[in-house]
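Common to both upcoming complexes is subunit A, partnered first by subunit B, then by subunit C.
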Partner chain A sequence: MSNLEDDLRIALRREEPAADFTERVLARLNQPFAEPTWRERLAVLMRPPRLQWAALAVIVSITIPAATVRYRNEVQYRAEGERAKAQLLFAVRVAGSKLHRAQRKVLETGRTGTRL
Partner chain B sequence: MASSVGGLAVRVQEEPQRAVQVELPAFADIVREHQGMVFSLAWHYLHDRALAEEISQDVFLELYRHLASIQSPAHLVFWLRKVASRKCIDQTRRRAFWPKFGLDDIPEPPAKTRPGDPMLSRALAKLVASLPEKARMLVILRYQEDLDPSDIARVLDMPVGTVKSQLQRSLEVLRDKLARTVGEIAL
Partner chain C sequence: MKILGILALFALVGTAGYGQALDLKGLEKLAAKARDVTDVELDGSLLRLAAKFLSADDPDQAKVKKLVAELKGVYVKTYEFEHEGEYSESDLASIRTQLHSPAWSRIVGIQSKKERDNTEIYLRTGGTEPGGLAIVCTNPKELVVVNIVGKIDLEELSELHDLGVPKIDIEKKPAKPADKKDND
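Our next item is the complex of A and B:
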């Protein structure tokens, strides 16, 4: 074992707190237990550990692009839906007019046949 | 509900406001038995006597609220070391963000008679206090509490390999800095 380790053991020996330490702990125990206020809770949330900020940054950097992509997909899906709806209506209209024409021809042919 | 903590029979009662309530004389015995360990961890880590006492008090108040979860005297000691370490590291981070004063501004407490070279001990304690957060706590747990790397790893939730390598690195840094400090003193 090196001298440094021995010296560290001596330098870091246990020390006792002030003589009335226990009494002060017990006195604090007797104080009513106060729920933390919203400001204290916010202060705890805003504590500086870099890990919390890093986690927040990671969450934001993932959430915002994901939400943007999702929004764009949604807009595109709706536009495609609208286009399909318009095409379908057009097709129905065309089919309707053709049916109407065919019906007219059938009726005209019927009338001509009756006259003959 | 009754439990045995630190060799003391402690009566624990369920209460709506506080999770448990223990007979105060029994709790006072627990505080007296372990205050030196908890205070020294905080004192060697923070180098601020008033702050170390405040942190130590907070540790015991938290213990009082969680006493029902303590399973044995060994678990009690482990719990105290873990909570004290966590509170000290949190405190340093808060101070780093909102610094009130530098370590050099803090007056040294009155020197106590101790074996060995008091100047060397003081210089070493100051050098330990200048180590990074985790490395500092590693060194304190290793040389104040005489814990082996696997116990330190459990207290600080770190891999044993990391504990060993950081301890090795910290010793190198301390040796290097100490050599320079002693050189300055000699000059």
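Our next item is the complex of A and C:
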């Protein structure tokens, strides 16, 4: 028989637990569960290096530039919209004033009996 | 009143379809000579953008919003000059050529010798894409061209009193009686 088989047999041989194993396990189970304090939670979060920090860095590096671009686009969109609105109202006023002038002239012509 | 009747007729005729913008580039060279220049160019996308910013609470803006819903463009060019004779009729030639096409009909033409100004109003009523309004106003020191492209309802336009648009008495055609299907 090879040494490997002997080693495996030794490694996998049945071992009886200690006499007080069951009591110790039951004792641990019966202990009241203590909620971690905020300090403990913070300590868990702060423990470097942490995946949370890496994830946070990724989120911040994506969201802040994205939010900045979105904000700038929104500001630009509003500015263009307000400018277009002002131009439209101006155009309507100009058209209105010219129509008004034409109407006034037509009415004046009508009063004096002159045909256009 | 006759003119207003014609205006009303064209208002009814001209509310179908969309038109094309006049080419106003020929006027741009006047900007160098003019004291004040105003140039408004609102194409369809800018009009839709502007409409989004018009307040529904303001009655006039709400009416403008309704009016521009069917428009494809609004173009205004105004030139004010310091002295007389800084522009000539030839500067308007390209615009007049476009307006003399069969697609356009001149509905009002006023020449005032006393005030030395001319006002002409055209409606786009023909062509493949009817619809639109053009106003050309000239006096020795001022030139104004307005081109509204698209389906324009003069009745809606005339409701904008506070924006300077006059009330226009529009005579509506009586509705056609429904065709009788039963001949018995």
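Going forward, the second predicted complex is superposed on the first by the 72 of 116 C-alpha atoms of A that agree within 3 Å, B and C clash if a C-alpha of one lies under 4 Å from a C-alpha of the other, contacts with A are read in each partner's own complex, and residues count from 1 in each chain.
Please note the rule applied: contacts are C-beta pairs under 8 Å (C-beta built on N, C-alpha and C of every residue); 3 or more make two chains touch, one makes a residue touch a chain.
Owing to the predicted nature of the structure, the values given are computational and were not obtained by experimental measurement.
Undergrad: Is A:Lys85 touching the first partner subunit B, the second partner subunit C, both, or neither of them?
TA: After superposition on chain A, A:Lys85 lies in contact with subunit C alone.
Undergrad: Return first, second, both or neither, reflecting whether A:Gly110 touches subunit B, subunit C, both chains, or no partner chain.
TA: So A:Gly110 only meets subunit C here.
Undergrad: Considering only the touch criterion stated at the top, classify A:Val25 as touching first (subunit B), second (subunit C), both, or neither.
TA: first
Undergrad: State whether A:Ser97 touches subunit B only (first), subunit C only (second), both chains, or neither.
TA: The second partner, subunit C, only.
Undergrad: Once chain A of both complexes is superposed, is A:Val75 in touch with subunit B (first), subunit C (second), both, or neither?
TA: Neither partner.
Undergrad: Regarding the shared-chain residue A:Ile64, is it in contact with subunit B (first), subunit C (second), both, or neither?
TA: neither
Undergrad: Sort out for me which residues of subunit C touch subunit A in the complex.
TA: 1, 3-4, 38, 40, 42, 46-47, 49-54, 61, 64, 67-68, 74-76, 78, 108-110, 112, 119, 121, 133, 135, 137, 144, 146, 148, 157, 160, 163-166, 168
Undergrad: Enumerate the contact residues on subunit B facing subunit A in the complex.
TA: Listed in rising order, the residues of subunit B that touch subunit A are 17-18, 24, 27-28, 31-32, 35-37, 39-40, 43-44, 52-53, 56-57, 60-61, 64, 90, 93-94, 96-98, 112, 114-117, 120-122, 124-125, 128, 139-140, 142-144, 146, 171, 174-175, 178.
Undergrad: In the complex of these two chains, what residues of subunit A are touching subunit C?
TA: Where subunit A meets subunit C, its residues are 78, 80-82, 84-85, 87-106, 109-110, 116.
Undergrad: Mind pulling up the subunit A residues that touch subunit B in the complex?
TA: For subunit A paired with subunit B, touching residues are 2, 4-5, 7-18, 21-22, 24-26, 28-29, 33, 47-50.
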